[in-house]
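Below is one structure, written out as C-alpha cells; the observations come after it.
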Amino acid sequence: MAQVFDLVLSAVLLAGLYAMMAYGLGLIYGVLRVVNLAHGGVIMCGAYLGWVLHERLGLDPYLALPLVMAVTFGFGVFLYRVLVCHLPRGAAGGPASLLLLFGVWLVLRNAAYLLFTANDQVIRTSYSTHSLPFFGTFLSVNRLAVLGLALVIPLALQLFLSRTYLGKAIRAVAQNADSCTLVGVDVERVYAITFGLGTALAGAAGLLSATLFSFNPAFGAGELLKSFVVVVLGGLGSVLGTSVAALILALVEVFAILVLPSYLTSAVGFVMLVLVLVLRPGGLFGRPVLG
Amino acid sequence: MLRFLLLRGRARDAFRLTVLLACWVAVACRSQPGVVAERTEIHIGATLPLTGAEAKVGGFFKEGYELAVEEANHGGGLEVGGKRLKVKLSLLDDTTNQATAVSLADRLINSEKVDFLLGTYSTALVQAQSTVAEQNHVPYVNGGGAATDIYRRNYRYLFGLLAPVEVLGSTLMQWIDEQQQAGKIPKPARIALVWENTAHGKDFRLGVSQFAAKSGAYSLVVDEPFELNGKDFGALLGKVKAAGADLFLADAHLPDYITMHRQYVSAGLCHKLVSYGARGSEQGAIEALGKENVAHILSAVWWNAALAGKDGPARHFVDAFKTRYGRVPEWFQALGYESARALFRAIELAGSADREAVRNQLAKLELPSILPGGTLTFPAESGQQARYPFVVQQNMPDGTSPIIFPRDVANGTGIAPNPRCPN
Amino acid sequence: MKRWWRAAARAKLLVYVAVVALLAAAPALLEPYTLNLVTLAYLMMAGAVGWNWMGGFVGQVSFGHAALFGVGGFVAAHVLSSSSLPSPVAWLVGGLAAGSFALGARPTLRLRGPYFTIASIGLGEASRLVFTYWDWFTGGASGLSLPLMRESKQELYFWGLGLAATAAAISMLIRRSALGLELLAIRADVDAAGDVGISAPSLQTRMLFLSGAVVGVSGGLYASFFGFIEPNDMFGFDRSVAFVLMAVIGGLGTVHGPALGAVVFVLVQQSLLASYPELYLGLYGSLLIAIILFEPLGLSGLGLRLGRRIDARWLEPRRAAATAARQAGSP
C-alpha cells in the first residue's frame, strides 16, 4: 500500500512537469493549427537562459522565471512575424510548417552548441538535492515547485482566456478566423501573440526542467514527444484536458515499472501516442485532433 | 510544378543521374598521394571525447597523453633504430559519438597517414573505433575500453590497458563480503543492481552476480539495465526504492553517475552501502554533487595516486603530473599516460615505425608500470587485455578517497554500514 | 539543322560513356579515404531516394525511417555473423525484414499530414528504445561487431554504386508509370482520387514496403561498410532527420533531388567533421528554412529555374530561328 502511495505521488509530480511542457504546444496547435516542431528547441533555450542567468548573475531559477518567459515570448512573436506567418494553416499546408519549424529547431540547437558547447549542464542551487518528508516518503523540493507552477499557470491561462479581451479574441480566432476578421479582430496580431505565449510556456517548461535534469543542446526531443502525447491524449478541449492527460500519461509511465523494465517506460508514452492517434483521434476529451 | 514532374525522356534522366554521380567523383578526386619522404617523426593519431557527454574525462585523458608525449620529446624524441625521432600527436574531438569516432579514425589513418593510434575513452567508442584500426592493420593502444567484449574478438592490433570490468565487480564484492563476515551488514544481504546497457555494464553485472551466486549470501532484488546517457532515472530509482534493498550497486559512467546520484539524493534514498562501479571519487563529481552527498560511496578503480611509493614509475608520474598541472592525477590521466608510454616503449624496442614490428613488440611487452601489480603485459589469452588487481576506494566525509582494499596497499579503513541509514 | 541535333546527341553519348568509365575506374583513381566517402554517399543516396518514395511521392513525411535503417542493418549483421551466406543475400534479407517491419506502421497511413509525421516520430523513438534494450539483437548501447574483411572497400564501392543506381532507376520507373500518376493523384487530393477508383491504402502500403526495403538494404550495406554498428547511431533520431534533410534539400518529391541532396549532405558533414562537428546542423536548418520559404523543390528547383532561364535566353531563340528558317524554306 505504501508502495502504491509512493508511486501515485511520483506520478503527480511527474504530471506537473508534463503538463507544463504540453501547454505551450497545445495552445499553438489549438489556435494556429500549426504543429510547433521547434517546441523542443525553445524548451532547450529556456533551460540555457535560466542556466546563464544563474551562472552569470546568480539569479535563482524561480526568480528568473518571469524574465525567461518574457524573452521566449518575444522570440516567439519574432518567429511568427518573420517565418511562420508565410505558411498555410493546418493539414492543407502539408509538411511545410513542420519542416520550417524543424529547421528553426536545428538552428537553435546549433546556436546553443556554438555558445555553450555540447557539454551537459545543470542548474545547481543550494536546495537542489533537498527533499521534504511527506507521510513516510520524501518529495524533492524542485519537483514540488514544478507541480505548484503547473497548477498555477493553467489557472492563470484559463482566467486570461476567459476574462480578458485578448483571451476571448484568441478563443474566437481558434474557432473561426475568417469571422473574426469580419468583426474587426486583428487576426495576425492574435496569431503572433498566441505563438509568443506558446513559446513562453515552453521556455518556462525548459527552465523548470533544467532544475531537475541535466541538459545539453540536444535536449528537447524527448520532451517534445511527451508533449505530443499529452496534447493528443487530451484533445484540444481545454487546459483542463491537458492537465488530466498529463496525469494519465504520468500514471501509466510510473505504474509501468511494475510490469516493464524501467528502461522501457518512456517507450510506453510513445506507444500510447501512436495508439491514440490511430484508434481514438478525438483524444480522450475535447475536440478531435485530426482534420 | 506538374510540368517538371511529368518529365520527358528516360534517356535525359539517365544522363542527368550519371552527370550527378560524375560531378561528385570529379569533385572528390582531390589530392594526389604524396611522395614518400625521409622519416623525421613518429605520427600518432587519437580521438578523445573533448566535448559531449564524456567531455570531462576526455580532457583528463588528453592531459595524460600530452604529458607522455612531452616526456618522450624532452630528450629529443624516441630512440628508434639509432635515430632520435620526435613524437607528433594529432588529437581530434570525437564528441562522444561512435560514428564520429569511426569516421575520424578513418580520416587519421587514410588521409593524415598516422603511424599508430592511441585509443579514445569509453567502452562504446573504443569498441567501434578499434574495428577501423583492425581493418587497416594499425596498432591501437587504449586505456579507455574495459569491457571484455571488446577483446573477445581477438583482434591482432588491439591492446587494452584497462583490466576487465568483471574483475571490478567481483573485487567490490570481495570487500563487501569481508564486511558481511564481520557482521557489519546483514546476512543474507539484498542487492539492488543496476547497470548501463552496454558491454561495460554487462561485465559489471556478471562480476557481481557470479560472486553473489557462488557465495549464496546475497540476493538480487533488482537487476535492471538503464539507458546510457539517460536523463531521467525516476522510474529506475522508483523500482529501487520499492525493492527495499540493503546495498545499491550501479555501474555507470560519469555523466550518468552524477545525474542518477543527484536524483537518488533528491528522492531521499539511502542504502547501507552504495557503489557506482568505477565512479565516486572524481573531483568533478564531488563538486557537482556536494561533499556531504557523496560520502561513503565505494568505488573500485584501476589506479589511485596513493599507490605511488617512495620511488618507481608511479612516483615519477605523480610528481611529473603535479609539476605540470598543479594537482594530483586520477586514474584517467594515469591510464592515458601509461597507454602512450607503452606504445612508445614498443616503438623503441622494435627499432622502427613498422606497424607489424611494433605490434609484435606490444604483444610480448613486459613494462615496469605505474599500474597495480607493477608490470604491464598484454596476455594473448585475454585477447590482449591487461590483467591486474583493482583497488577499492571509499569517499570519506572530509573529501578524501583513501584506498580501503586490498589490505597490502590500503591507506584507510572502510566504513560500513552508511552512518546515515544503518538499518 | 538536323546535323546540329545529331552532333549534340553524339556529344551527349560520349559524355555519358566517359562518366560511366570514370565511375567504374574510381577505385583505382581515388585514395582510400575519398573512396570511402564516395561509397558512403552512394549508400545515403539510396536511403534518401527510398525515403522520398514515402515523403515525396506518397506525401507522408516520415521522421522515423531510422527504425527501418536500423532493422535492415542489424538483421544483415546477424545473417553475416552467423552464416556463410554471401553478403548481398544478407543485405537483401535485411531489406526484406525492414520492409516487413515498416508494414507494421500501416495503420498510421490514414493519418493526414503532420499527424502522420508525429506518429512516425513516436514509432521511431519507440523502436529505438525497444531495440536498444533488446541487446541480443543490437548488443545494447555497445553495438555489434561484424566479421571483418568479408569484402574489400573496392567491392563495397561497386555494391554501393549498384544500390544507388538501382534505387534511382526504380524512382524513375515509378514516376514514369501509371503507379506514379496514381501517387500524384492521391498526393494532390486523396478523396477525389478515391472517387475515380484509385485506392490510396493499397498504394501507400506498397510504397511503404518498398521504401522500408530500400532503406533497410542501405542499412545492411552500411553495416558491412563500417564493420561495427550500434543502435543509437542506426536507430537514432538524427539518422531519421538526415534522410529528411537529404530529400528536402535535394528536392522533395522530385526523382533525383534526394540523390543530389545526399551528395551535398555527406560532403558537407564530412568536411565539417574534424573542425566544426555540429555546425552542419545549423547549416541545414537555415537551408531548410530558406527552402520552405523560397524554393520548395530545393536544389532541384533551383536547377530547374536555371534551366528555364537558359532555355529562354539561348535555346528558345535558336528553336524559333530554326522554325522560321524551315517555314521560309518550304511555304
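All chains are identified by letter, namely A, B and C, in their written order; residue positions are counted from 1 within each chain.
Throughout what follows, a contact is a pair of C-beta atoms (placed from the backbone, for glycine too) under 8 Å apart; a residue touches a chain by one contact, two chains touch by 3 or more.
It should be emphasised that the depicted structure is a prediction, and the values quoted were computed from it without experimental measurement.
Asker: Could you run down the chains that neighbour chain B and chain C together?
Answerer: Both chain B and chain C are touched by A, going by the contact rule given at the top.
Asker: Per the definition at the top, count C-beta pairs in contact and tell me whether A-C or A-B has more.
Answerer: When A-B is set beside A-C, the one with more contacts is A-C.
Asker: Calculate how many whole Å lie between the centre of chain A and the centre of chain B, each centre taken as the average of the chain's C-alpha atoms.
Answerer: Chain centres of chain A and chain B, defined by C-alpha means, are spaced 38 Å apart.
Asker: State, to the nearest whole Å, the distance from the C-alpha centre of chain A to the C-alpha centre of chain C.
Answerer: About 34 Å separates the centre of chain A from that of chain C.
Asker: Would you give the residues of chain C that are in contact with at least 2 other chains, written as numbers and ranges?
Answerer: 129, 133, 278
Asker: Can you list every residue of chain A that touches 2 or more other chains, as numbers and ranges?
Answerer: 118, 222, 261, 263, 266 - these are the residues of chain A that touch more than one other chain.
Asker: Considering chain B alone, which of its residues make contact with at least two other chains?
Answerer: As it turns out, chain B has residues touching two or more other chains at 51, 95, 197, 225, 227.
Asker: Which residues of chain C touch chain B once you look at their complex with the stated criterion?
Answerer: Answer in residue numbers: 12, 15-16, 18-20, 22-23, 26, 29-34, 36-38, 41, 129, 132-133, 135, 139-143, 145, 148-149, 161, 164-165, 168, 172, 175-176, 184, 226-228, 230, 232-233, 253-256, 259-260, 263, 267, 270, 273-274, 277-278, 297, 304.
Asker: Under the stated contact criterion, what part of chain A meets chain B in this complex?
Answerer: 3, 6-7, 10, 14, 117-120, 122, 124, 128-131, 133, 137-138, 140-143, 213-216, 219, 222, 253-254, 256-257, 261-263, 265-266
Asker: Applying the document's contact rule, which stretches of chain B touch chain A when the two form their complex?
Answerer: 51-53, 55-56, 95, 197, 224-227, 231-236, 238-239, 241-242, 255, 258-259, 262, 265-268, 288-290, 293
Asker: Which part of chain A faces chain C closely enough to touch in the complex?
Answerer: 35, 83, 86-87, 90-100, 102-111, 113-114, 118, 217, 221-222, 225, 228-229, 232, 261, 263-264, 266-267, 270-271, 273-274, 277-278, 289-291
Asker: Within the complex, which stretch of chain C touches chain A?
Answerer: It comes out as residues 55, 59, 61, 107-108, 111-115, 117-119, 121-123, 125-126, 129-130, 133, 237, 241, 244, 248, 252, 278-279, 281-289, 292-293, 296.
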